[in-house]
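What follows is a pair of complexes built around chain A, which joins chain B in one and chain C in the other.
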Partner chain A sequence: MADSNETRRWQYLDQIRRNPGPFNQDSDVSEEALQALGQHKVLVIGAGGLGCEILKNLALSGFKNIDVIDMDTIDISNLNRQFLFRKDDVGKYKAEVAAAFVEKRVKGIKITPHNCRIQDFDEDFYKQFQLVVCGLDSIEARRWINATLVNMVDMDDSDSLKPLIDGGTEGFKGQTRVIIPTLTPCIECQLDLYTPRAAVPLCTLATIPRQPEHCIEWAHIIAWDQEKPFPDLDKDDPEHITWLYQKASARAQEFGITGVTYSLTQGVVKNIIPAIASTNAIIAASCCNEALKIATTIAPSLGLEESYMMYSGDDSIYTSTFKYDRKPDCPVCGGAAKPLAVDPGITLRELLDSFAVKPDMQLKKPSIRANNKTLYMQFPPSIEAQTRPNLDKTLKTDLGLDTGHEIAVTDPAFPTITFNFILSFTST
Partner chain B sequence: MLKLWSMKKEQQKQENADAAVGKKKKITAAQLRVQKDLSELSLGTTMQTIFPNPDDILNFILEIKPDEGVYNGGKFTFTFSMSAAYPHEPPKVRCQQKIYHPNIDLEGKVCLNILREDWKPVLNLNAVIVGMQFLFLEPNASDPLNKEAADDLRASRETFRRNVKASMAGGSVRGTIYDNVMISQPKR
Partner chain C sequence: MFDNGGYFCCESGQVGYNLRNTNGFKVSGVHIFHRLKRNANPSHATPSILYHVHVVAIGRANEYFLDGIISDISNILTGNEQYNPWGHSGLVYLVLSHLPPGGATRRRNSMAEIVVNQTPPVLQGPTEKEKKYDRQLRLWAASGQAALESANILLINSGAGTVGIETLKNLVLPGIGKFVIADDAIVNEADLGVNFFLDHSCLGRSRSECCTKLLLELNPEERLDLQHVLDSSGPFTLIMHTNPIRQEDLATVEAHASQRQTPVVCIHSAGFYSYFRFNLHGTFPIVDTHPEVEKTTDLRLLQPWPELSAFAKEMVERIDALEDHEHGHLPYVVILLHFLEQWRQLHDGKNPTTLKEKKEFSKLVLSGARTNNPEGGEENFQEAVDAINKNIKVPELAPELEEVFNHQTSSEVELRSSFWAVAKAINLFHQKHGCLPLPGSLPDMKAQSNVYVKLQSIYKEKARRDAREVLESARQIDGGEHVDPAEVDLFCKNARFVKLINAKPRDSDLGQIFDTEKANDEAAEAMKIETGGAFSLPSSNFFVYLALKATAHNPTATSGEIMNTITQLIPHAAEYERMQQIAEEVARARGGELHNISAFTGGMVAQEVIKIITKQYIPIDDTCIFDGISSRCQVLRL
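Take a look at the complex of A and B:
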């Protein structure tokens, strides 16, 4: 009985997958290919509004092996839309509760939760997955995972290319995009799409607040710094928010402004944008369909040509799917650093002199840096003096450079160009 | 799975590229941009930079010694701090001295539009330091952070001028004692 239930669960999905079509060639409908979905390892980042939907959808699309990362714990305010959580779960880790719920509901599936930050793992961890699906609310986390996946691409390892599916929502608006690291535009290429948070002039906050938000920002930016009631502001600590709320209320009263509430204070300080359950459902659904299509090739997916789907429900409904171009000078995926073969025993001065005679560089005043290391800067004068002693040091022994380190070379004569190299030491 | 890897190999062939492979230690985007910005700074004779740690170019100090205007004769230092999100976020700039200035508060916060509401990623550090220089030449009473200083400037330029001089020498204005910022050897 249980077995036939299990077969019936996948009956229709199997039918779609077994039917050969224009995009589904013989090799894709073989038993082997059909089994592959279950062996695919998918990573879901975020177990919040989008994450709950994504986990549910992936599980019901036939994925059997899923990991989920989320550092957050469940708050009572999550329960209206994050449907894998119940009141008793408040305070527990989102990843853990979500994984347990879906595992219990969909038989034969394994979901491994990680209650931590994505930054706590390194490339070795991310290497085990074939596909990454993000349901995040933070630009910073997106940029981090994007840069990590782009950097992992290694021509010597055909397993190193991990498609990234990124969902995002804000009120009635949302987006789904597929990134194939180094093949299609990455998140950093598309960073201009984010509108910067509207800021109010500091002097307005300081002198003539007009809105309750101004009073809260004043408490947050000015009063907190003056009085330092706690060493560091923790936006999740009710005591800290209460302090800001009381300060803001007093100021609002002084200027005859109404509308400062505790929840508005929390909203302004944490920059909370109201989440709408159905927008999350729409975006998560499209993310998971793309995941299924990428994993099984049953239909062409978002990705290589058109890679971005925007959805807007603000004014009736509008969606548009379009091609975003790669940025040639993208700091993450663009201007691929070229290997530079050098003798590790030469001095920095010798290296810089070689840039003057290299026909494709011809730099007269090069400045050069590695990550977190200023090797030599021509300007400003103070840093020139500080880094001048480096000129006579050797690259490997004295300066600690090594094969695989990136160096960036700039020259005031070419203000728009940065030469990026990956060092490759020739002999020792 | 899509035949992604064969596409990747195709791309590699077309670019006929020798793009580097293997373990990489990349430079962060913010550092790349600040490296570029620094090489384009025009500091002139009134400004100089100080790098407490030259390897950390995301944090430095800018010293301004105005050679004209009411703040002539003083030395002011500002901490510049760029986050990993620079240039998508503006640099954070703070005055290290307690000074009497309508657009700088007693904690050192600076009211300069491009440091906050009008910041755009196309702007650079040079735009900021030009703005900072301008604040010392033309303090602006209409965007006050130090309301008393702004009121004084509006009421009488002469009183304001006297107050600036007194505050710069470490004196008190309207009950607030300011830091002595005078350069010991006066400029000719």
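Take a look at the complex of A and C:
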């Protein structure tokens, strides 16, 4: 009887899976192909706003073997959208609570939680999955998993190709991307879609604040360091935020600026992105719809042609689904060196600082080599000390660099990525 | 400066509150926003209501407002809520005037008493609720949240039954007040494979009851209400019904909704396709459309008012004698006003308007920058040049606003609405002054703090004056007698971005839409071939709508039956191959839902319902069709 219950339970999904439609006429509907979905191993990265939805959707799409990674614990501000968590769960690991909830609700499914960072695992771990679905709020983590999956591709082994489906939301907007490593544009190819936020000049914060945000940044960056009210700033500690809020308020008052509130202080300091249940529902469902289509061929999926779906819901509803081109000079999936136009008179430090704000790099701790000679290394400390004097030298006169030289830049946050450039001086 | 909270309590019609401040009462030009929250007050001996007051911002004093507001507060607190100027918004604007610095003040009127005491500052972090809803309050603020919390939503559920439940989930999480599910289905195995808000123990039980129970776990503050009858559980803020639906049920819902002017949304999800369609009964105006901040700048450089001109003039009177630091920190507004003056003297009093003139004007502005410095120029002059194209132009009335101005208010609802009274007042303002009320915000620009703050206050002061004029005129117009000053402020601030939904008559000729959408498809195909696939336009989703709608009362219709229904309306539909294919794809699902498609659709419907309930952002007008194969949405007015 159990089998017939199981059959009745999945009747809507199976109706579609057993009957090819006009848009997928040659898909495989053999019993073998139908059974394969249950063995498909899926990795979900993130058990937050998108992650909760993704786990529910995968479970109700016939996937039975899922792992989920998230290092975070549950906060009260998660409860307006992360629907697998209850008030009593505050403080517990997200991955653990989410996995247990879905396992309990949907019979016959296995979800293995990992309460840790993605960087804690190596290729051997990632090899076991056929598909990765990401619901992350960090660009750095996206870049890391993307580089890892691209690097794992072995052209002679089709199992080494793990499609990556990435979702992201902000307020009423969101996006879904399908990446087939080395075959379609990867996350690094599209990095310039996330422009780093322009920083307010320090002198504005220090001497001529005009906006409430300037007062808050002043309290955050300058006053905190000067007064050190607590050993380390914990952005989740209300006492710390209150201290910053009071500092910012006093400064605002001094300059006649209005609008500093507790909520704004928290928003600026933590760089809070508004998040709601409905947008997460849309994007997570879109990701899982693509995951199911890829795993079963029940309909054409995003990927080889159009690979990017953008959703915007603040002014009516607008979606744009388009093809993004691969970049031959992508440091992850391309490898060709890009030209790097710089002023020969700047110092090495200025060059390295510019890598933090360059939209296609966004590196916080770059190390640099030129013509196979190390100019500056962040680690280990002994090499850092040896190369530090180079930071204040100018590129051309002091370091002897010239147009046509090859430059390689790395960052410890992305151990597998090397940015290759051909230097090109802009003026004399 | 008030920047933290106090308490506000009331017994037998008296109003009293404490405001705690950090630096005595500095109330020159003060306008304080208070958020009221009803709390049970265990510490009071007699039953009373304690209101938590949170002071958010500071503005301008005005005697007139104070009297009105005190009586409004009294009305609400004494249960006489017939006239509640704040509606469901939960926002109170309290304006204090002429309070002696550092002192306490006491003020009486016939209905209420306000006591302001100076007490030491107390830390006022966010409440539990503010913490829980923080990420959404940043999108729709306390006013939007209050509207959601007072909403009562009916879902008439049917068929595979998932899309409506997914929608409700996305409404329960952000905290809608109340919901009712009407559904006569009994839970079976197939429900467990598609609906997350059911489990094994639900088999054989009422689907509405089980879903309600599991949805309520999400937000225990929600109230349980299992009434299935429209009349006994209403009035509803909004009614959602899913397809398939029995013809007679649909007629009942539509009659009920049109009699009470309740918005209705019909939702249909099957296989890889879905659509949802709103029926809003009459025009639906939105003031709080949340335009992108960059678009909202309105500096009035070509129509400066005397205070602004005087301020600019004074700053540049001896521009060449200014010290480098001051010269390099002249705000670009002042720089542009100064050079516009010069330009007009050289050009018969005319402003630069053509592209060529603006280029020359840029050169003129840049020639004023000092270059004897290491940067070889000045940042503020560069900001001025960058601002020319956007800000030196005669403002035109946005078509959306013109539509509002030209609208003939007809229905009783419209005649009673304060929106239309304020719209008329703004139209009068525009006719009188040749411009809209000033929004009053000033973008950040390089300037010294005190100069920037002064300039900011010149803009704000003008905006306040304009809003006051609009308020006074609106109160003379039918429907505007009791208009809330806050509503006028918001309208004045957003006038350029006000939007009417559901204003035009519906185009009921499906045959004509069919021809247009088919022609679009053909053009898209031609373009794809012509450019070798480099450029492509999306295909129309209209045919998905036709095919799904053909199964609204018969979910398991075959593709032949679907085409039959369609060709009865549009005889030549059968000739279009894509129409045939889509009919086959719909028939493939046999009325079954795919969880992902229903979850996607439930997210979109919830988002639209939130926009309608909060009257914020811009909802669709009026049908959204989703194709989960190509992963595309299309909005059409049908």
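In the analysis below, the second predicted complex is superposed on the first by the 310 of 428 C-alpha atoms of A that agree within 3 Å, B and C clash if a C-alpha of one lies under 4 Å from a C-alpha of the other, contacts with A are read in each partner's own complex, and residues count from 1 in each chain.
Assume contacts are C-beta pairs under 8 Å (C-beta built on N, C-alpha and C of every residue); 3 or more make two chains touch, one makes a residue touch a chain.
Treat the numbers as computed from the prediction; the structure is a model and nothing was measured.
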Contacts for A:274 in the overlay, against chain B (first) and chain C (second): which applies, first, second, both or neither?
second
Touching partner for A:265 - first (chain B), second (chain C), both, neither:
neither
Look at A:332 in the shared chain and tell me whether it touches chain B only, chain C only, both, or neither; answer first, second, both or neither.
first
Determine, under the contact definition given at the top, whether A:382 touches first (chain B), second (chain C), both, or neither.
first
Determine, under the contact definition given at the top, whether A:146 touches first (chain B), second (chain C), both, or neither.
neither
Chain C partner, complex, touching residues on chain A are 5, 8-13, 15-16, 19, 21-23, 53, 56-57, 59-61, 76-77, 79-81, 83, 86-87, 104-107, 171-172, 176, 208-211, 238, 242, 249, 253, 255-263, 266-267, 272-286, 288-290, 292, 299-300, 302, 306, 309, 311, 313-319, 321
Of all residues in chain A, which touch chain B in the complex?
36, 40, 130, 139-140, 147, 151, 153-156, 158, 161, 163, 180, 182-183, 188, 191-192, 194, 196, 198-203, 206-207, 221-222, 225-226, 294-295, 297, 301, 303-304, 331-332, 336-339, 367, 369-374, 377-383, 386-387, 402, 404-408, 410-412, 415, 418, 420-422, 424
Per the contact definition, I'd like the list of chain C residues that touch chain A in the complex.
1, 3, 22-23, 56-58, 123-126, 128, 130-139, 160, 166, 169-170, 173-175, 188-190, 192-196, 199-200, 217-218, 220, 271-272, 289-290, 329, 444-445, 447-450, 452-453, 538, 580-582, 584-585, 588-590, 592-600, 602-604, 606-608, 610, 617-621, 624, 628-633, 635
How about chain B: which of its residues touch chain A in the complex?
1-2, 4-5, 7-9, 11-12, 17-29, 31-33, 35-36, 38-41, 43, 48-51, 54-57, 84-85, 88-89, 103, 105, 107, 109-111, 113, 116-117, 119, 121, 143-145, 147
